[in-house]
Amino acid sequence: MEKLTILWQSTALANFQLGQLVMMGLGLLLLYLAIVRQFEPLLLLPIGFGAILTNIPLAGFSDAGGMLHYIYMVGIDTGVFPLLIFMGVGALTDFGALIANPKMLLLGAAAQFGIFATLLGAIALNMVPGLEYDLKQASAIAIIGGADGPTAIFLASKLAPDLLGAIAVAAYSYMALVPIIQPPIMKALTTEKERQIEMAQLREVSSKEKILFPLLVLILTIFFLPTATPLVGMFCLGNLMRESGVVERLSKTAQNELINIVTIFLGLAVGSKMSADKFLKAETLGILVLGAVAFAIGTAAGVLMAKLMSRLSGGKINPLIGAAGVSAVPMAARVVNKVGLESNPHNFLLMHAMGPNVAGVLGSAVAAGVLLALVG
Amino acid sequence: MEKLTILWQSTALANFQLGQLVMMGLGLLLLYLAIVRQFEPLLLLPIGFGAILTNIPLAGFSDAGGMLHYIYMVGIDTGVFPLLIFMGVGALTDFGALIANPKMLLLGAAAQFGIFATLLGAIALNMVPGLEYDLKQASAIAIIGGADGPTAIFLASKLAPDLLGAIAVAAYSYMALVPIIQPPIMKALTTEKERQIEMAQLREVSSKEKILFPLLVLILTIFFLPTATPLVGMFCLGNLMRESGVVERLSKTAQNELINIVTIFLGLAVGSKMSADKFLKAETLGILVLGAVAFAIGTAAGVLMAKLMSRLSGGKINPLIGAAGVSAVPMAARVVNKVGLESNPHNFLLMHAMGPNVAGVLGSAVAAGVLLALVG
Amino acid sequence: MEKLTILWQSTALANFQLGQLVMMGLGLLLLYLAIVRQFEPLLLLPIGFGAILTNIPLAGFSDAGGMLHYIYMVGIDTGVFPLLIFMGVGALTDFGALIANPKMLLLGAAAQFGIFATLLGAIALNMVPGLEYDLKQASAIAIIGGADGPTAIFLASKLAPDLLGAIAVAAYSYMALVPIIQPPIMKALTTEKERQIEMAQLREVSSKEKILFPLLVLILTIFFLPTATPLVGMFCLGNLMRESGVVERLSKTAQNELINIVTIFLGLAVGSKMSADKFLKAETLGILVLGAVAFAIGTAAGVLMAKLMSRLSGGKINPLIGAAGVSAVPMAARVVNKVGLESNPHNFLLMHAMGPNVAGVLGSAVAAGVLLALVG
Amino acid sequence: MNAAIGDMLREAALLMVVGMGVVFLFLVLLIAVMQINARLFAPSIQNTQHAAMPAINSGVNDEKLVAVISAAVHQYRKDISND
Amino acid sequence: MNAAIGDMLREAALLMVVGMGVVFLFLVLLIAVMQINARLFAPSIQNTQHAAMPAINSGVNDEKLVAVISAAVHQYRKDISND
Amino acid sequence: MNAAIGDMLREAALLMVVGMGVVFLFLVLLIAVMQINARLFAPSIQNTQHAAMPAINSGVNDEKLVAVISAAVHQYRKDISND
């Protein structure tokens, strides 16, 4: 009998708290979104699974000695996992479209307004009773507007580790929701005629330009914003491995096995931060609202900047491509292409949107560097 | 001269102890079994090599600062390596045959009798002078009967790390010996007529069923046996990555590069536990005997349960497939197929044996969870 | 305004020290050598990049908590990374040519004279004011003459971690410079007639011989030079995985993904040791000079030994192949082939030079073991 | 000592009973859950046949394709061995 | 509390101005650097055309090759469905 | 200082002698072991020839196969450039 009592005591049934059940339901929801709706499945599947595991009573996945605890400490507390993902993304990124048309960097800059406006908004939310964000937390939340997963995770792990789960989930979810969030904003801010603008074909880019690009970005970052060098540096390392052509086997490994292994662990570790006591708070709701606002403002700022550039250039730029400046690579560029095609079936904007799209990655890494320098 | 003396003092020749030589011989034997006899070479080759390295006098592979020491602490002391192997095995496992015929789970349950009977036997061996196993050690030894390597290593690392080397070697060796151990037992417990029974073709399984299966297993484990969630959870994660179809690249990495890397390290770390002082004891002999007994009892229990189910079903089940319930995937299922073909050359039991075979993996993970809850 | 001051204070511009700028220039030079000149790009690209990152003021890549600090502590301070590289190199190495003609081992032995002569030279350099090497440092520098990257990194990490950056850079740079350093020495020490000698085709080698070879090397090392067992042991493990043919998937992973991942990290961690305060010293200049001397002496010793063997064998051995004894696999063997073809367009020495070439790897691992035993 | 072993034996026996009980209970529960799962999501027979048909056809085609290629290769080998 | 929020709001607003300023400055600087990079290393138009020509030709050839193969496969399938 | 360097030089010279000695001894020993290994397990000449023959044959066949395919491709290219 005693053995059965011990066993019963060791079942979850006897120990569940409501919050844990809710969080498991949330984990299942993330799995549903990942598998059925195919929302960023590479991240949301392991995050959802990690969220379920971390909320199992008595199993201790995220306690000292638990597997998720080790993975979190090794990979996220040190910042290593998001940096390795960034290296892999760098090795996967072709900057050709941006090098051919460097002015697109302005769109990647403008879209970061989503970040800084949201930072202001988060602080303003302190006026709502029950919500309290300090400047570090507000900055970590605001980076959701950068629409870049590893940047958000890296910054959150430095500035507000307690909010990491909610921030990462919001960032990846909204990145998956880009096809729903962006089009109405894009259409509201542009005229039908503007959306029909066809753009001139991009010039070719030499391999020398492509090799020098990551080095020039790195050098500028070193000189003017060293706090951004972890993110930008690893990104440039990956891109240099890709473009140099002399370390093919390292580049392929960074793009495939290494990024895959790290993605599994990163997802699980992020999920492990979704414990009931840290997630089920008014603050989390605030994060979800602020994240959506950040995406919307970033999109609007990008489109408006593109509109301005369109006017100044005498109508050579289709303002839709500004929306790709939030990054969310390559989803946002695809959305631009789709909205463009609706207005003009011969208008393929994909390549033109790739410029602002990858510019947005640099833009939000720079923004993260500014926040680390001033708030961190 | 002094230099030469130092050099001589630093040779192994001047420092060997007999036990270390014996253990190196054992390491070579494992390499022989792995390479020439092809006994589970993926594990026994690195284990044998690790056993040689760890017994080199003065080299200090397993002392603080030694490579094998680091690998053991990082991967086995934390439990991470067997769990990653389990994730990979999950990603490699097709549960289709089991989902088509869930009753096969009963065979996977029955075969675990090998574990619990051996636990009793290990305690009984305390009556032999010179042998002493406490309950934790007995449980760790008994899990050999689960015929599943990572489960045995995980449980032994938690309950009896000193016996880990012997337990892992016994587990993998007997898994390789399944074609020798099982057939006589299978034939002794079945009639020729029973062995000739052909089974109806399995129904098709939908991809929805396959996706939901790991989630259902996980949820049941969470509710009723949280101590089994590390093993079952990682197994289900791997299987969900496989079946969901949305994270192909993660699934492939878990099945290949990641499991390969971990296998090399796991084998070396297990081998590092085969130091002379911990291995050359009467207890190790006891472990080898008990392990063989466990396999035999598990096989018998599986066959007898299958015999019972055969009778109850009016002869629609071939009792041979019960032997596959011990797991030892996919070796045991192949043995079933072979023995079946001997009695009836048209009788292909392989697919039917895969059901109990993968059920046995779940069964022994559940048994490990019970032992962790009650003894750990 | 205050924010701007903080930002300015956080830029590198306000904090650069001259040494850091010089080191960054050096990092760029390494990138140039790797990418444009294709000098050992797999290592020199990540090393050069790591050198740039580690010298960024305020970014703290190599301070406690910095990414490069973690990578260095985990992989090089423990010795694990060079050992894993060695395992991968073992899995990539075909010892067939050496097994067919074991006498080639004498060439691999003779070429290690470069190591020990340089050790003497390094101590002698203490007479130059401003240079100071103790025996450990001199040994770590001398191993550059082994012309084997992972061996040099492993030994330097044990004997003189402060010099690691300079030693690794010198080792890989001179390995890349083998086509420039070796030919004049080879030609100076041989006659035109000797260089024209054609060698008899190598006998075939059985797979049994190939499987036993790594085991025999390991056993000899265990008995006579246990301090060399980390290096030799991992090398033999890799080679055994390759030749045994039963663990194809582990062998492939060791040769590809695992060695690639480790190479990226190893390069970055070596680069992180190139901080201005440790690199910009007179000692570094001495290391570069000594390294070049070591390569030259090793080459000469190998050629002279081959000349002696040629005479004793009645002219059956082309003395050029002695130069391959320094290792620098496979570059040195290719150089031998090229110089041979210049004297005799029908003389393909590549396969004959592979014997001394891989013998040189063993030779320098043995030399490293001797130094660890006597100086470490 | 003997008494201690007796205690341990009793405990081990209890573990055996409880352990096997839990294993069976758990897996029986899983059987039930899987049967519900099957009732909800198993492919209906018509669906199955519908899905299986083209596969069989293409199998036949593939066999023919293989036969055609084999004949060609065979011819090619014959040509070679004749010259 | 209200006062504290006011302070933080002011700081956040300052962060917004400074942050967007730095982001723009940095990326404008990068545009300048890239334009220099392009002036030095961008492929000249003649080079470009020279490089592009064979690619176009081979594209045409490939299309023809695809057409030829498609026709063959089509014929093969027709043969099969007729027997 | 000079005296200290002298001591170290003497030690380094000793290291050189002992070190080279050990390296040579070790590798000479390995030669001996490998020769025993070869005597026991090296392939006999007959086995070698037996194994080598089919490989050579198949090489010839492969060359012919390549020639056949090359000719076909050549013809195909010619057809294209003529239309």
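Every chain is named by a letter (A, B, C, D, E and F) in the order it is written, and numbering of its residues begins at 1.
By definition in this document, a contact is a pair of C-beta atoms (placed from the backbone, for glycine too) under 8 Å apart; a residue touches a chain by one contact, two chains touch by 3 or more.
Everything numeric here is computed off the predicted structure, so don't read it as measured data.
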item	value
Most distant chain from chain F, judged by the mean position of its C-alpha atoms	A
Interface composition of copies chain A and chain B: same or different, split at half	different
Chain whose average C-alpha position is farthest from chain E's own	B
Chain D and chain E: spacing of chain centres that average the CA atoms, whole Å	45
Chain centre separation in whole Å, for chain E relative to chain B (CA means)	50
Centroid distance [mean C-alpha coordinates] between chain E and chain A, Å	19
Chain A-chain F separation of Cα centroids, rounded to whole Å	50
Residues of chain E whose C-beta touches two or more other chains	15, 18, 22
Per-residue multi-chain contacts in chain B, two or more chains	3, 7, 224-225, 257, 370, 374
Chain B-facing residues of chain F, complex	14-15, 18, 22
Residue ranges of chain C in contact with chain B within the complex	78-80, 83, 211, 215, 218, 222-227, 229-230, 233-234, 237, 240-241, 244, 246-247, 249-250, 252-254, 257-258, 370, 373-374
Residues of chain A touching chain D in the complex	3-4, 7
Chain E residues touching chain A - in the complex, by the definition given at the top	5, 8-9, 11-13, 15-16, 18-20, 22-31, 33-35, 37-38, 41-43, 48, 51-52
Chain A - residues contacting chain B, complex	3, 6-7, 10-13, 24, 28, 31, 34-35, 38, 41-42, 45-46, 49, 52-53, 56-59, 61, 65, 67, 70-71, 256-257, 260-261, 263-264
